[in-house]
Amino acid sequence: MEYFAIVIGAIFVNNIVLAQFLGICPYMGVSSKVSTSVGMAGAVLFVMTLATIVTFLIYNYVLEPFNITYLQTISYILVISSLVQMVEIILKKVSPELYQALGIFLPLITTNCAIMGVALLTVQNDFNLMQGVVFAISHAAGFALAIILFAGIREHMELMDLPKAMRGAPAALVVAGILALAFMGFAGLV
Amino acid sequence: MNQWKNFSKGLIKDNPVYILLLGLCPALGVTTSAFNGLGMGLATTFVLLGSNIVVSLIKNLIPDKVRIPSFIVIIASFVTIVQLTMEAYMPDLFDALGLFIPLIVVNCLVMGRAEAFASKKDTFSSAIDALGMGLGFALALTMLGSLREILGAYSIFGFKLIPGATDGMLVFVLAPGAFIGMGYLIILFNYLKKKTA
Amino acid sequence: MAKKESNFLNMVLALFIVTAAASFILATVYNLTAEPIAQARESKRQLAISQVVPEFDRLESKNFLPPGGGDSLEFNYAFRNDEIVGVAINTWTNRGYSGRISAMVGFDTQGNIIDVVHLQHAETPGLGDKIQKGKSDWSDQFKGLDPATADIRVAKDNGDIDAITAATITSRAYCDAIQRAYDTFKEHFLSQQPKTEEGGLAL
Amino acid sequence: MSLLTVSGSPHVYTEDSVSKIMYGVVLSLIPAALVSFYFFGLAAILVTLTAIVSCLFFEFIIQKYLLKGPVTIFDGSAVITGLLLAFIVPASLPLWMVVIGSLVSIGMAKMTFGGLGKNIFNPALVGRVFLMISFPVEMNMYPKPIPMSTQLTDIISGPTPLAIVKEGVAQGENVSDLLPQVPEYVNLLMGNMGGSVGEISALAILLGGIYMLFRKIITWEIPVAYLGSVVIFAGILWQVNPEIYVDPLFHLVTGGLMLGAIYMATDMVTSPMGRWGMIVYGIGCGFLTIIIRIFGAYPEGVAFAILIMNAFVPLINRGFKPKRFGEEVKNG
Amino acid sequence: MNEITLLSVISLGALGTIAAVILYMVAQKFKVIEDPRIDIVADKLPGANCGGCGYAGCRALAEEIVRKESLDGMSCPPGGNDVMKDIAAVLGLEATEQDPTIAVVRCNGSHENSPPKVRYEGAMTCAFAHSLFAGTGGCPQGCLGCGDCVVSCDFDAIYMDEQTGLPVVKDNCVSCGACVKACPRNIIEIRKRGKKDRRIFVSCINKEKGGVSRKNCKVACIGCGKCVKECNFEAIVFENNLAYIDYNKCTLCRKCPPVCPTGAIHELNFPPRKPRPETKTEPAQA
Amino acid sequence: MKTFTLGGVHPPENKFSQNAPIRELPLPETVTIPISQHLGVPATPVVKKGDTVKTGQLIAKGEGFISANIHSSVSGTVQKVDEVIDTSGYRKKAIIIKVEGDEWEDDIDQSTDLIKDCALTPEEIIKRVNEKGIVGLGGATFPSYVKLMIPKGKKAEYLIINGVECEPYLTADHRLMMEKAEEILVGISIQMKALNVSKAIIGIENNKPDAIEHLRKLLPGYPGISVEPLKVKYPQGGEKQLIKALINREVPSGKLPIEVGCVVHNVGTSYAVYQAVQKNRPLLNRVVTVTGKSLKSPSNFMVRIGTPISQLIEEAGGLPEDTGKVVNGGPMMGKALSNLEAPVTKGTSGVLIFSSQETSRKTMLSCIRCGRCASICPMGLEPYLLAVLSDKKRDEDCEAERIMDCMECGSCLYICPSGRPLLDHIRIGKGAVGKLIRSRSH
């Protein structure tokens, strides 16, 4: 039940993009096509899970015992960015197909606040490792839901002649706003 | 380059938020009030200024391949400094900005300026650029914060605009209002940019 | 651009130096700010306590588990002239609209509520955040209530508390937190200390 | 003789036009309007008129001065938006809030995207949800219906049947104890219950729906899929535990479900184009409605459910293509 | 140095070292796939992706430039010579100077000059109108007036004149050629901008016999050949009942326009003519 | 009653001229015979200015596989071989003949006697059909002999005769079936022989009960032929729809009817085949319906190819005052004329006169996404989508959405409540995608 609450909460109620404002850059940037947004979502899922695990370990086995939690920010970012790069090489060697599908997005999301944010939130919520992983996966799923829906809408808008002033970012933000408005309906689910 | 131009471009023409669409997360996340927006803007400006200066100072000492990690570390240090100082001396603001303070480190604006500007130009220009961009960022956040505060609470910087009225249109304090407010502010800035160009 | 050639040694060295220097500087800043941060936290607590109990000159803290289970509550006994003038209890509830709400409830020695202030919450601005003192005087209705006689529940649940309009959930949760404080207080204070009428206990 | 016209084929066109469709919808809403005027009196009339006039006004202003394009306020779509917006707010709502709702509906949800046909979300629903979140107090106060009244008397917070049941269940009461507190089914059907201006009478709305079906303004897929899936999902829960979950019929006749299923989910601009897409969309709406009604914070979920499904429409349209002529042979 | 500082420096230093090792591995395995100069060149290009250069977008041009290591025959119309010089400087190459050019509409069949004989209804696109019929004015080569060229222009450099029903090119045209491609009738041509933006050209492409073309349009080139005789520089070629002025040979002497019996030859941005056209000197009121 | 399953519309039928018998139109003063009246390569003129020609004489020779001979429809002198303005205002090459008397080629049998038996072999029939310039009279003017030659490896099972005439207003096929039923049936038998099939089905929409009955009465003399009444629904006359309606087979996307064992011919084509094979008579004339709401006397004329359209209109009572549009062909697929002096060609099935009110398009609004166009498209396409994709020049996407399947029936533009010019855009898209496909195969 607790995991259920984490999942529903992360995907619908506190959607990472629509309610927590994390990962807005890729949300706005890599959402012009459904196919690329799917790739992006996959990459986020991957990195978010991995980053949460590693930062969890760093926090609980290095920072906490040494009483230097104030170095959280700096160590997290270092760890995440080198981790992603390592994954990139490994992926390229091990599975070129996967690399083709996800690899191009990896550098994009290294320094992305969604990844960092979820890592920080895991600590803030006092989760254990398993909960943290579920939390990360659910947030990634929430990100996927938001970005794929949004990409569908943007592809659709591409075909409509929007007023010139609205094209691009403004319309995208208004759509995101209304989407956020609609997602408020999930309030109270958990 | 003309330093005034270098400074002022960040305000409207190359406004980091409304024109370049950088650092949208904090811009949306913390701007529930004008004061929070301003606070976040200034904090970011400090980090930007500090890291731009340091990066431009040591740019020639860093091997190319570890350029980005080194920059990240430098930025993260400044962020942590801000974090600690704010917690010590402005605990209320620190509480309000919450998660978004550590997230300055991943703000694409900061990294972007370090990469694109400070790692190529001299220290003075970099500082001016950082200041301009940072103030542009602060301006953007304060504007969005004001808009949301005015509409969402009928007040600005905490001063009630309509005496007696308690709540405004709550949407603007909540997530949707951030997106919507920014959407329309972007239109405004595009218009201003055209006007000033 | 004068770019340095990258080789193994200079890469490792450069990054090591940068991180070491950064951490050294940060450690210095941390050491400098550790004190003020602790102070800021402490003064916040002090402030909250002083809002809900009468003037005091000494504080003593002790933690008790609430009868319903869950995290322990911190009792802050306020003394003036070595006499207890009130107890400020740091209580919580998880029934809020969004996440945990914690509050400081002050009781006099008879078990009447002196006052309540919120400590931390994530309720919706404009709705649930009316539990905050500065936002509305809603929480003033708890002043002086004796939970033994008054029903600390919202009117909708047949209690004596008027809910915040359109934020019954938060109102309920706040009542829950206060009730939890009272229950614990009863168990660990009132039941051990026979109720006396003797003086000094101002309301 | 005037100049001959040259154009591509064909050279004859149906009589049907956008404005005929739109005014058909307006016509079909008259029974529901009459019921609401009967129960809520002058207040309902005022809210309705305000919404329609302000929608038309904002559409005019924006088309003329901001978009600087042709003004098409008489195509009837803005009238529907106004009418439906009025129908989904409480009759006691202050008129200035109605005006704000209209501005949001027309300005933000419709004109931002270029006007008729280009919006992604249902404008009236965006207006309502905006109001609901901005002014939770006012949007949660429903006047008691009083036949032939001129004044709104008893304005109580949330006395819609759905809210009564939801509150009650949340307090641990049994559904069977709660049902006596809500009007009987006949009254629910006729509209004698607390609720928004135009959503109260399921019967009047059904009547309008049948008229629209008859005139081929809407097709059966969305309403049937929507209502059907609500009945099924609610029915399953009801079977599981009738003491905490109300029976499906209750869900069907209360709240904005009828109005939503027949008028809002069917808005062609914001719903899928093909038959199977429509059915999937209807089922999605039904599912989300039940989820929000039963498990969410809100007693009513129709508006949110439809808006969320609106966002899915582009994906649904991509996924459900019509059957092409000669397709099976090619694949087989 | 107290304990916290020590621990901090040690742990973070270790992390930094690990990061550096990983990065070194990346650098080793991850050989540079792309010539870094591509990025540099692409950076210099305007990023309009208009295709005016003939390549699929700015990056494609950058790749081509770097691959060929030469700028021969390559140009970026929106960026102009400045950009090419920049790139040349980056790559250490010579940029070929090109005369500035601009789009020119070679039809003057306005509503007045070529009155409508039928009405057109339907999609407002020249491509379709062209496939459907000769045009409202009747000239099978003339402008259809539905504005495909206007729509195609990414630079807002061409607009439809309400009065004449003909497109007009503005000064900010970057001669990307999008409109040339968009026009189903090949009416638009990229020509030399000319000194002080002065241009002389035949504003007609109708190749029908004089009588026929004249019937549809008052200002059609009727193929009389007078201009050819008038031109001292052999700049005018004459083929299929149509005169064409070669902008490379034309000296902007302004002799031909007056001799055209229908007024099909246009001169742009010249000062008003003096009463006696033989004065070739610079006019005073420029 | 049988009909096709996917989509379809039912515009008002307005068949004003259905009871007007076919009248022979008087000879014009000159005829203009374009050299390209059929689908495929234009014919090459074999006469020159000043030549005298007889009715039925070959004046232009079809060259290449898909092309058709052209014969003089009158006797007289060739005035010129030159470009003339065609129906759309463009110039097309044509042979202009001044009419002098009406002297026919000698080998043509001008009598009206019915000759039932045909002694020719299938090859000879096909050769004759080719020589005599017979093209499909159902609208596409595809050279008929090509369709009679079954490609190797394929086998025809059915000859399907298109007597649907689903276009509103038009009555040419209807009248022909009423007045030349026997000839048509003989023609069908000849086509069956050429194709070596034993079954022929004549599909006729139920709004022509008299024609169905009339043909059915005559059927006993013609083994293998049957008549099938069909529910009235446009575009039942489209060959793919007709095959689906009659024998419930779907011609795969991009394929020809022979793929499902069918060959489709129009009734008029059968009549022309009869004339060519039994009477040795080339395609000289055809039935043209001239009609319109405000026209004095809507009629069906037997018209010599090359007669100016204006003469037909004169004969039917003259151009009404309120004329807003003149259409060559049916209201759904016909072409609006910008030049009334243009001649009748082999493909002209009707001339429609519309007033401006009847024909003006609706004021164009944005697509309201009602989905009607998609629900009535007989090919199962999404016209609203194809139209925007084409407008945005997204040719690959157009192709993936099967734009090339569109048969330009016009139902989508007919139905759209928003007055979107769907088919206009789709046509451009088809052109662009066609180019794309061709460039790929090169």
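Per-chain numbering from 1; labels A, B, C, D, E and F assigned in written order.
In this section, a residue touches a chain if its C-beta (ideal position, glycine included) is under 8 Å from a C-beta of that chain, and two chains touch if they have at least 3 such contacts.
Owing to the predicted nature of the structure, the values given are computational and were not obtained by experimental measurement.
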item	value
Chain D and chain A - chains in contact with each	B, C, E, F
Third chains touching both chain E and chain D	A, B, C, F
Far-end chain from chain B, centres as C-alpha averages	F
Centroid comparison with chain E (C-alpha atoms), farthest chain	C
Pair joined by the larger number of C-beta contacts - B-E, D-F	D-F
Distance from the mean Cα position of chain D to that of chain C, given in whole angstrom	45
Centroid spacing, where centroids are CA-atom means, of chain A and chain C in whole angstrom	32
Rounded Å distance, chain B centre to chain F centre (Cα mean)	70
Of all residues in chain E, the ones touching two or more other chains	4, 8, 11-12, 15-16, 19-20, 23-24, 26-27, 117-118, 121-123, 128, 132-133
Touching two or more other chains - residue numbers and ranges from chain A	68, 70-71, 74, 78, 81-82, 160, 166, 170-171, 174, 178, 181, 184, 187-188
Of all residues in chain B, the ones touching two or more other chains	65-66, 69, 73, 76-77, 80, 84, 167-168, 170-171, 174, 176, 180, 183
Which chain pairs touch, all of them	A-B, A-C, A-D, A-E, A-F, B-C, B-D, B-E, C-D, C-E, D-E, D-F, E-F
For the chain D and chain E complex, residues of the former touching the latter	2-8
Touching residues (chain side chain E, partner chain C) in the complex	2, 4-5, 8-9, 11-13, 15-17, 19-21, 23-24, 27
Residue numbers on chain B that touch chain C, as the complex places them	32, 60-66, 69-70, 73-74, 76-77, 80-81, 84-85, 87-89, 91, 120, 152-153, 166-168, 170, 173-174
Chain B-touching residues of chain E, taken from the complex the two chains share	16, 19-20, 23-24, 26-27
Contacting residues of chain E [partner chain F, same complex]	117-118, 121-123, 125, 127-128, 131-135, 138, 140, 208
